[in-house]
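The next part holds the structures, each set out as structure tokens.
Two complexes come next, and they have one chain in common, subunit A, joined by subunit B in the first and subunit C in the second.
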Partner chain A sequence: MEYLLDLIWSAVLLGCTYTLVAIGFSLFFGVMDVVVFCCGDIAIFGAFSILASYTILNSLGIMTAWPLLLVILLLLLIGIIFCMALGLLTHRFSIKPFEKSSALMPLLSTIALGTVIREVIGLMFMPATNGLADVVAGENAIHVVSGRNPQSFPSLLSLGGSTDTRNIIIVAVTVVILLLLFFFLNKTKMGLSMQAISQNKELSLMTGINVSRSIVITFVIGGVVLAISGFLLGNYQTIMSFDNGSMFGIKGFSAAVVGGLRNTWGAILGGMLLAFVEVMVSGYVPNGSAYASIIAFVVVVVFIIFKPEGIIGEKTVEKV
Partner chain B sequence: MALLETKDLSINFGGLWAVKDVDFTIDSQEVVGLIGPNGSGKTTFLNIISGIYPATKGTVHLRGEDITGLKPYEIFKKGMSRTYQSSRLCWDLSVVDNIMAGLVTKQKAGFLDVILRPKKTNDEIYQSVQECMDMISYFNPKLIDRRYELTKNIPHIDRRRIEISRALVGHPAVLLLDEPTAGLNDEETMSMMEDIRKIKEKMQDICIIIIEHDMKVMESVPQRIVVFNAGMKIAEGLYKDVVKDPDVVHAYLGGAAV
Partner chain C sequence: MFKNSKWFLVTVVALIAVALLFTGCNQQTGETDEEGGNAASVVKIGFFAPITGGDAAEGTAARNAFQMAIDEANASGEYPYTIELIIIDDQGTDSVAVAGANQVVADPDVVAASGFWNSGPAAAASAVFKEAEIPLLIWGAIRDDLTNADNYPYITRSAPTASQENSASAAVVLDDLGYTDWFIVSDASDYGQGNLEVFTKELTDRGLTALGSEVVQEDATDFSAVVAKIKNSGAKAVYCGSTVEIASLLKLQLYEAGVTDILFAGISGMKTPDFLKIGAEAAEGALVVSPGVDLESTDAGRAFTEAYNNAGYSEPIGAYTPYAYEAALILLNALSACGDAPTPEAMVDAIINSETTGIFGTTTFDEIGQTTNVATYLNVVQDGQWMNYVNSEYANGTRSFGGK
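So, the complex of A and B:
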């Protein structure tokens, strides 16, 4: 029983990180009808910018001089600024030029941009054996089998070395972000404008909504959500590799599709479902962690076949 | 000075002049009908003056102010409002919410007001709802009882009325109606004509540009008709004169008819 509870807990934690990336996907898709495929890479870029800032702050002695909470907020702010900037650059150079071409173009260009981001991170973070040694050594040795330059992520949230506080913080932060996002999207004029653009662009144009400004703001908000998801994933995995963004992005996208693209609640359900499948397969199937992703993606395929509109997505009927 | 005036207005799509050198004026209180065969550039013309397409050349002036090249939301704020040929409603929003979309730029409540909900915000929302209800009840009082129903459950003609109410609720100076009777049967077309007359009664200063294929509507609603063909204005005047114009007959029926 305790084992099951542990698994559920792990699934919720993993689900939280997937959910946030999935929300990034559905935000962008909702407002622009475009799949921004480099969401995962933007999130990991945020995580790495936090990692780099941590190293700098540490060398300056700020880590010990300032209270931990302040440092965490500062690091998070840096990650958010980087992700926002990257999100805006993505929009400017990878999506806007293709506004009038087919939806395939921004899809391809963001896949390409994702590869660029990934490789740039890989070049900037050469093997850091010092950082890694701490994590790999000891009785809870972690064997890193994939990734060229794995880096250890500072365990900022594990106050007093306990992962319990970290886990609670991950869930709490996700819930707060979801609530804020829900409030923003449903109660503020800007959030409602974003939804209006997603539902009916011509209507938005002629009710006085500044569509291009709303799109920019979507990228800013998406950047914030992705930075936080990268930060939480870093804390959860404790080891980050430059190419994590690829798988992380695909999982987030799958979660968004399973839940129903466009739908924020769907992103939560999709993220949790995917995480539960993965964790349960790892936990109960002998040697299951090798199959976890396979089964998770089989679930995605099944969903695409039988419920392509997603768990709570609505069927769209094109009138001819 | 005309309320809305275009000079040499043209747009080129990849070598094709969809609208070419159109000079057009409309004064306040006027209702002008645009007719022309399919693909003659009527809707494109509306799309240029409402800012959706940028003009390749020419100018648009509203109350003497050059609005050429402004974005649709800026033109909306200057007092031009429109409906589309096919429904542009949010199906999952209620009747009143759809109409309220027309007031969104006029509402002052900011981020904090929405959280704290001071009295002035509540009053503003209440007043907006009231304005929307006044507007829709003018066209169909029965919709008041259905105000919280989703628009996807509302009959087609009432959806049209909701769209017109949304366009009117912000009290625009110019209203552009793109085929308001599309998809309506004869009886409904008659009541839509009546509705357009009601708009004139309620808002006397408003000027309306209406695109319509139904000649019954064109005969009785607009004071003046402008005829488009192949992107150009080929005739202008009273309905009874325009329909006899040889160029117009030629455009509609081909060379043999003349």
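So, the complex of A and C:
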């Protein structure tokens, strides 16, 4: 029983990391009908910007001088700003130019952008972080070794205590983000506008909804969610690589597809289902770790074939 | 601006070009590599290592050591030509290694190559070198079958094999320390599979069977299910047959799950400074076999350490850094035997018949190109640092590994 509970808890934690990225996919797809394939890379970009900021704050001695909670909030704010900026740049240069084109085009464009983001992290993380640390802290500068080496991510959410504290915070933060998102999407004018665009963009335009502004706000909110997602993943893994975004994004996208690409609740269900499949296969099948990802992706393919609208997505019928 | 597909295609191609520009920056040229050199006065050697990626710590230090030996040789004036390096960052990836190997063998000035820390890339590139009949001396990849009768005499190796390393490790953890309840974790790479087979054989030879084993994907980062499985298996010891990225995460996640009363033993691929990034407490007690001898225990080792540190490299010496240096010495020795105009053909014979005294003693090669100079020793993490096991508090009984 204890073994099963261990596995369930592991699956919930893993599911949280998948869910937030899946929500990013759902938000963008819901409002723009576009798969922004670099969501995972944007999240990892946020994590690395937080890591760079942490190194600089550490060089300045702020990590020990300021209350931990304040530092965490400051780091999160920095990560959010970077992710929002990257999200808006993604929209401006990788999606907007293809508004009138086939949906395949922004998909290809964001896949290529994901590669660019990964390589920029790998190439620029070390010189940018070390250069900035030298400028602001001089002789006290703390340096990172290389952007392509695995980086140690500070487990700030342990709050100086055990990893149990960190894990509970990860789940709690995920739940709070989901509730806030639910409130925003269902109880605010902007959220309702976004849902309206998601359902019928042309009609939304006719009713006076500012679609362009809604799309920009979607990227701002998506940036916030992805930054928090990257931060939680960093705290959970504690070791991060510049190319983590690739697999992280694929898992998040798969979760969104399984749950229902337009549906936020579907993203949660999809993320959890994928995580549970992976963990339970690893846990109960002999030598199951080797097959966990394969079986998880088989589940995705089965959903695409038999329930393409996802677990709680709505079936759409196109009249001709 | 993007009203038609032409502009879309232009943009996509431009984005891909930018991406390839970044990913394609995998070739570096050694300090001695100068454009426009006279072909008669230049001899080139290819060098392969994972200079970026998860294994970069080991690869970069090896590159430094190899370069150091070549620079010393050029400065010595003993060679009537300039020795240039073509340094290829194989990124620990088969396809990149093969592309690099094709690039190296296509250069008419190349007479030999040395390389590889990862067994997969070494195996993949070996075929290219064998076909081109250019000798490849492996300095760091340990899968047993990389040197074999088919590849001989073109492929040789100066480092010990996985069997030789695991045998030394098994003698301590199975025979001396007496652990019998094992759980094996390896990765799906050639390196991981080789270690899984070899360590399983060590257990079988002693009449033991592992309580469980897991093969994890090379890009896996979440091992919570594996940790739960280890916990549930009742294992007293974990053998990790993988490289530093997976080994460090597994050790960390075991620690975080409270699985600390257990021996964590592994193979040389995890003995890099990167393993210590998980923190002193999480890394504590990790026991790993390393090739060669402890550099601090011999004059030659201390001299190498001093020379490396004086050269000002920022990357610390790793388990295979001395082997990269020794590989350079072996190739330099072979070059000396080939006279003023070495050729790949002459180098093949010169390498297999060479007798080179380096940091770890004298290296010669057996009938399949494997070094006859085999030495290993154990390291353990104590207070956040790798140290020689025999000098540690674990060896004198002050600390214990757990699981006993």
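Simple rule for what comes next: the second predicted complex is superposed on the first by the 294 of 320 C-alpha atoms of A that agree within 3 Å, B and C clash if a C-alpha of one lies under 4 Å from a C-alpha of the other, contacts with A are read in each partner's own complex, and residues count from 1 in each chain.
By our rule, a contact is a pair of C-beta atoms (placed from the backbone, for glycine too) under 8 Å apart; a residue touches a chain by one contact, two chains touch by 3 or more.
Just so we're clear, the structure is a prediction, and the values are computed from it rather than from any experiment.
Contacts of A:L74 after superposition: neither subunit B nor subunit C is touched. Of the two partner chains, subunit B is the only one touched by A:N200; subunit C is not. Touched residues of subunit A were counted for both subunit B and subunit C, and C has more of them.
When both complexes are overlaid on chain A, the residue A:V116 reaches subunit C alone and has no touch with subunit B. When the two structures are aligned on the shared chain, A:G208 is found in touch with subunit B, with no touch to subunit C. When the shared chain is aligned, no partner comes close enough to touch A:I169: not subunit B, not subunit C.
The residues of subunit A shared by its contacts with subunit B and with subunit C come to none at all. Those residues of subunit B lying in contact with subunit A across their complex are 50-52, 71-73, 76-77, 81-82, 84, 88-90, 92, 101-102, 104-105, 107, 109, 111, 114-115, 166-167, 170. Interface of subunit A with subunit C (complex): residues 3, 6-7, 10, 13-14, 94, 97-98, 100-101, 105, 108-109, 112-113, 115-116, 119-120, 122-123, 145-146, 148-152, 163, 237-239, 241, 244, 247, 278-280, 282-283, 286-290, 292-293.
Interface residues of subunit A, counted against subunit B in their complex, comprise 183, 187-189, 192-193, 196, 199-200, 202-203, 205-212.
Interface residues of subunit C, counted against subunit A in their complex, comprise 1-3, 5, 7-8, 11-12, 15-16, 18-19, 22-23, 25, 52-54, 56-57, 60, 188, 212-217, 219-229, 231-232, 244-245, 248-249, 252, 256-257, 274, 277-279, 314-315.
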